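Order of writing sets the chain letters: A, B, C, D and E. Residues in each chain are counted from 1.
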């Protein structure tokens, strides 16, 4: 297995608040990796650091053998890392279609790609098609999450980082989304997944990391983690 | 009133005289012309040995034609303990400033500002050496009357001076049996008077009198001609500046009428002044209020000599008692209200891009 | 700590009372103007700083106070002191008139509506006879206390100083009350405030009215201090300068806003010597100050506790895109 | 009737100027929610740089620049001022993009003062007379006159409005601009170089304002360093009246404001026209709080 | 006895019928929930009940009083409090100040009292502080009391929003997806908290949730809506077995 992304001793701050504390992790090509941890542990910060929204104070981030430290976010997107952020962050005042088009901003010259991408999104989430011309801000929470994921896919990710994609979704949609994540992965996209729904996440993932106060305190294959006492107590329930 | 700042700055070998003028802002051109003339006067006085065995020194404060700025500037002059003030261009800022000087009992010779509101304050410290607005309005109205122009439009710019002049002009025109067919105001910061000119045009005036300052006056004149409004265009002394011809273009400015006290160029016996001024200031002609400013400074020195002291009350008294002071183009004596007992307004006309004396 | 703060405040007040004895009349005048701005900025601080309503026409309330006092004293020969409550009532009404149509508006629409009101008030002053039209009102009598006539620079300095102290006190007390908190809730999130049972309409109007009353007070004193007032003093630029002082000092922060007032007045005076360069330097200084202190010079702190870890402190400046 | 129509034309001309400036105003507002108080000063800067270039080419006042030369001066000036706009954004606004919105309003005031007084130092405080003048010929329509210059002005601002609108609505850059207005961080996660797009916005805004500035110099004949102030304020009003952030709205707002002022001058007199204009604005906003074309914001709880 | 009655409620956005002829009641002192697919109109129902949206038609009664045409602030004063699906705290204010906002509608001191620090004003301020602290203690975020809301961990922000709602002393509390983003352990805590709110304060709780584990555990009554219409209601056992509900909402797999 080829290592795709590697974080070594990364430290990130919000102003003076330290959010990542010598964090190291590694993602191999073709994997689904789950990132677990309680609120405020630093999961989202990890993703923000990878996608360049936050510049780490120290440490190394390697992507395909190249350093990502100090590279601006739009360049990181171009290199194939796509981050679907927590809280959806869709563009409320723009229509669904426009949101999708912007997802393919790096492919803006390739009209065909954009068009096909939009069609694929509508196949994936027919509900979006019904509302294609509606301002995205009027979508329900779940609909917005669907839009956020498909917008991320528009950028043709090699690594797709999903921050709590099932948050606020109806059970049937969660199943759907988990299925789609699996599907996306099968088609060759590596996935880094943050999930509070640990049961579902570990069912999906090959490996998992447990993060606490900005630091990895446990990592192993999903099967092993599912049996871990600590994980059971805090994340799975007896 | 209290006498703060009563100790004056006449100790040492200098007498400090305050100058209050707009040296920045829209009216800076005229303000600087006035300052130049005052500096010239002071230079001459000092080279002739000064006054009371001391040299005159000017302390300049900028009022920017803004009332609030003027009060601060006035207070600054008071704090410098000047013995007297020469200056005052815009009536709007001279009004509050004169109050500050009155409180400090500092005499002020106003060289240009001439709104009728100024003497109405009844300050014993305030002396006006420009002709007053009512006289100016009268000369404008009379001119129109003489030329048979009965239907008159009046436009002002909502400044203290322009509104005053407009009001008096209205009165004078009506007294002369004329008719005011429009009485309008503009915002001097704006440039487009298209619809106002359309309105004038539809009223077919015999004469239009704009009482504001030259920047707006020039633009208005240009648009007046462009729209082809009937009758002649007249402006007050706030627009008496070569700039108005520049702005309007000499073609549009042809036949422009101005009510004003004549500049040095037209005054017999002022050739010397014009020559000196030009040689001192790189060929720049004296501005419309240069001569008055020159006179104001000399009048003050004359009063200082007569008072033989820098005591404010004595200067006031000496000023009040001025008898037939001979300035360039005017003889100064004060009425009960400390205004000129005789004013000197004329109508000028632009011919071939130059101001000429019309009446 | 708190005691120390109280003492230094007291000291400041004493210094302010002694200062006139040490300053020449020019600097005294500048300082007087600073105090006028302190009052004005406190008033605007309620509206913009606490309630978060962007007001670009605040000078209108200053004008309402000034003209009310001027007219009542010159035309109707009222005593100065009696004009104050009348001016305050007029201003409060004006505040409510401005406030009512703007309640539903978002902040930038609000800005233009207040700007419009400010201009309308100024244009009315220019055009109406009762306000002396363009040349304004002059010859406003001096106020008297018993037989003493307030007329010197010092007299007005002390008068405005007392009003400034009072206005700081008023804003402080309101700010630390249920009302002041409600204003801040509205600023932070109008809908959430409404959900908490806060009647935003009533509180916004109260905010406007309170701000207006404070502004009018400054105006009334301005009228007697200047003894002449003209429409030009109540222009849009005046409103902008007051707002400038509030933001520069730190929105919602009482001491910050006082510093802002001082800077906005004193800086241009200090720069007088730079002549033509004066406003260029002032403009550049504004930009630089904002870049280095985007929250204002002395911003309001809403977190009161000293954190155990001195390293821990939010500082948003380090990352340029908010994430 | 001819007077009524004439006033209409007069109003359209003022309105066209308001519109041109309001376009840039609204665009910058639309993307970073900045009330760019310095925007009117780019108009002033355009007028002055155009003045400097024209004076240089025409040797102080001649009429021998030729149409091509004048066209070149226009373009060059607009580009210079556009770049200046970008520079101002880079220096004075970018460090404050995440600061409270009012802070950046204050920098805008600072920038405005700086531009005005730097121009004053550079070119002097007094009025400058523009070195070229417009031909006066035109058309007469039912007794009302309109010059070709005026027609050109109105047509040009309409064209610019349409072009700008197509740009914002249809191109991916335009969409990126609107997206930046909503969420900058999310934009950079789409691979958008946020700063570059903001820069572009400032360029376009200043570019348009500069064009309006030269046109005003040529049309009215004089310029001075404060000329951007009032018109900036009016353009702001126009932009809000039209629905701030909305391109077509800015255009319509400008024209409506121009017409209101023009008819106001005629029927009520110059002193009251601004009262009328602001009065209508306020009344309008009371009944339609988002301006003529501003979309009702559909905020979800 | 029912505390909240919703009758024939309808809400239209342009062409979109978000809520369609919906009726349900909430019994006093129960913990009830509304579930349904995303976009079914659940939040919209909350928004209508609390006065943020004006229903196209229909009737809403709280304890026999009609709420139609009341402003949100009036409704809160009548005894209804809510939290928001996307947190709506006052971000720059301390946690304590956030919670104090809830007491606004239960106090009355005005300008006069503030200016002169009257005795009753001081007394009231003390009360506000006391109640706010109680609420903060109750949800267990005391350690963040003086920190800005925006800097709190997400979970703490959720609890803080509940504390703020409690400070309005409601008869009924509406929670919009309170468990979203919480992990298993935190959810257990939330369950306790909701129970205590009902048991200790006798506050009726109506919530929207997608977490079936939580619903099963504490909800006594469920209303299911889809496309704005009620498709089922009853106890969790009844509802979660309903075919229609499984098809529209739950799906076949177990993802909890």
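Heads up, the rule we're going with is that contacts are C-beta pairs under 8 Å (C-beta built on N, C-alpha and C of every residue); 3 or more make two chains touch, one makes a residue touch a chain.
For each chain, UniProt lists the protein as follows: A, E = ABC transporter ATP-binding protein; C, D = Branched-chain amino acid ABC transporter permease.
Note that this is a predicted model, so its numbers are computed, not measured.
Across every pairing of chains, the maximum count of C-beta contacts belongs to C-D.
When each chain is reduced to the average of its Cα atoms, A sits farthest from chain C. Centre-to-centre spacing of chain C and chain D amounts to 31 Å, using the average Cα coordinate of each chain. Note on chain placement: the centre of chain D and the centre of chain E lie 48 Å apart, centres being C-alpha means. Each chain gets a centre from the mean of its Cα atoms; for chain C and chain E, those two points are 40 Å apart. Per-chain Cα centroids separate chain A from chain E by 30 Å.
Contact of a single residue of chain E with at least two other chains is seen at positions 13, 43, 52, 84-85, 88, 151. Residue positions of chain C touching 2 or more other chains: 126-127, 191, 276, 314, 316, 319, 321, 323.
Residue positions of chain D touching 2 or more other chains: 120, 125, 185, 188, 194, 271, 274, 298-301.
Taken together, the chain A residues at the contact with chain E in this complex read 17, 38-40, 87, 127, 138-143, 145, 164, 167-176, 178, 196-200, 233-237. On the side of chain D, the complex with chain A involves touching residues 172, 175-176, 178-179, 181-183, 185-194, 298-300. Partner chain C is touched in their complex by these residues of chain B: 1-2, 4-5, 24, 66-68, 71-72, 75-76, 78-80, 91-92, 95-96, 99, 103-104, 115, 117, 121, 156, 158-160, 162-164, 185.
Those residues of chain C that touch chain D in the complex are listed here as 48, 54, 101, 104-106, 108-109, 111-113, 115-117, 119-120, 123-124, 126-127, 191, 236, 240, 243-244, 247-248, 251, 276-280, 282-287, 290-291, 294-296, 316, 319-323. Note for the complex: chain D touches chain C at residues 29, 33, 35, 91-92, 94-100, 102-107, 109-118, 120-121, 125, 184-185, 188, 194, 233, 236-237, 240, 244, 271-272, 274-275, 278-279, 281-283, 285-286, 289-291, 297, 299, 301.
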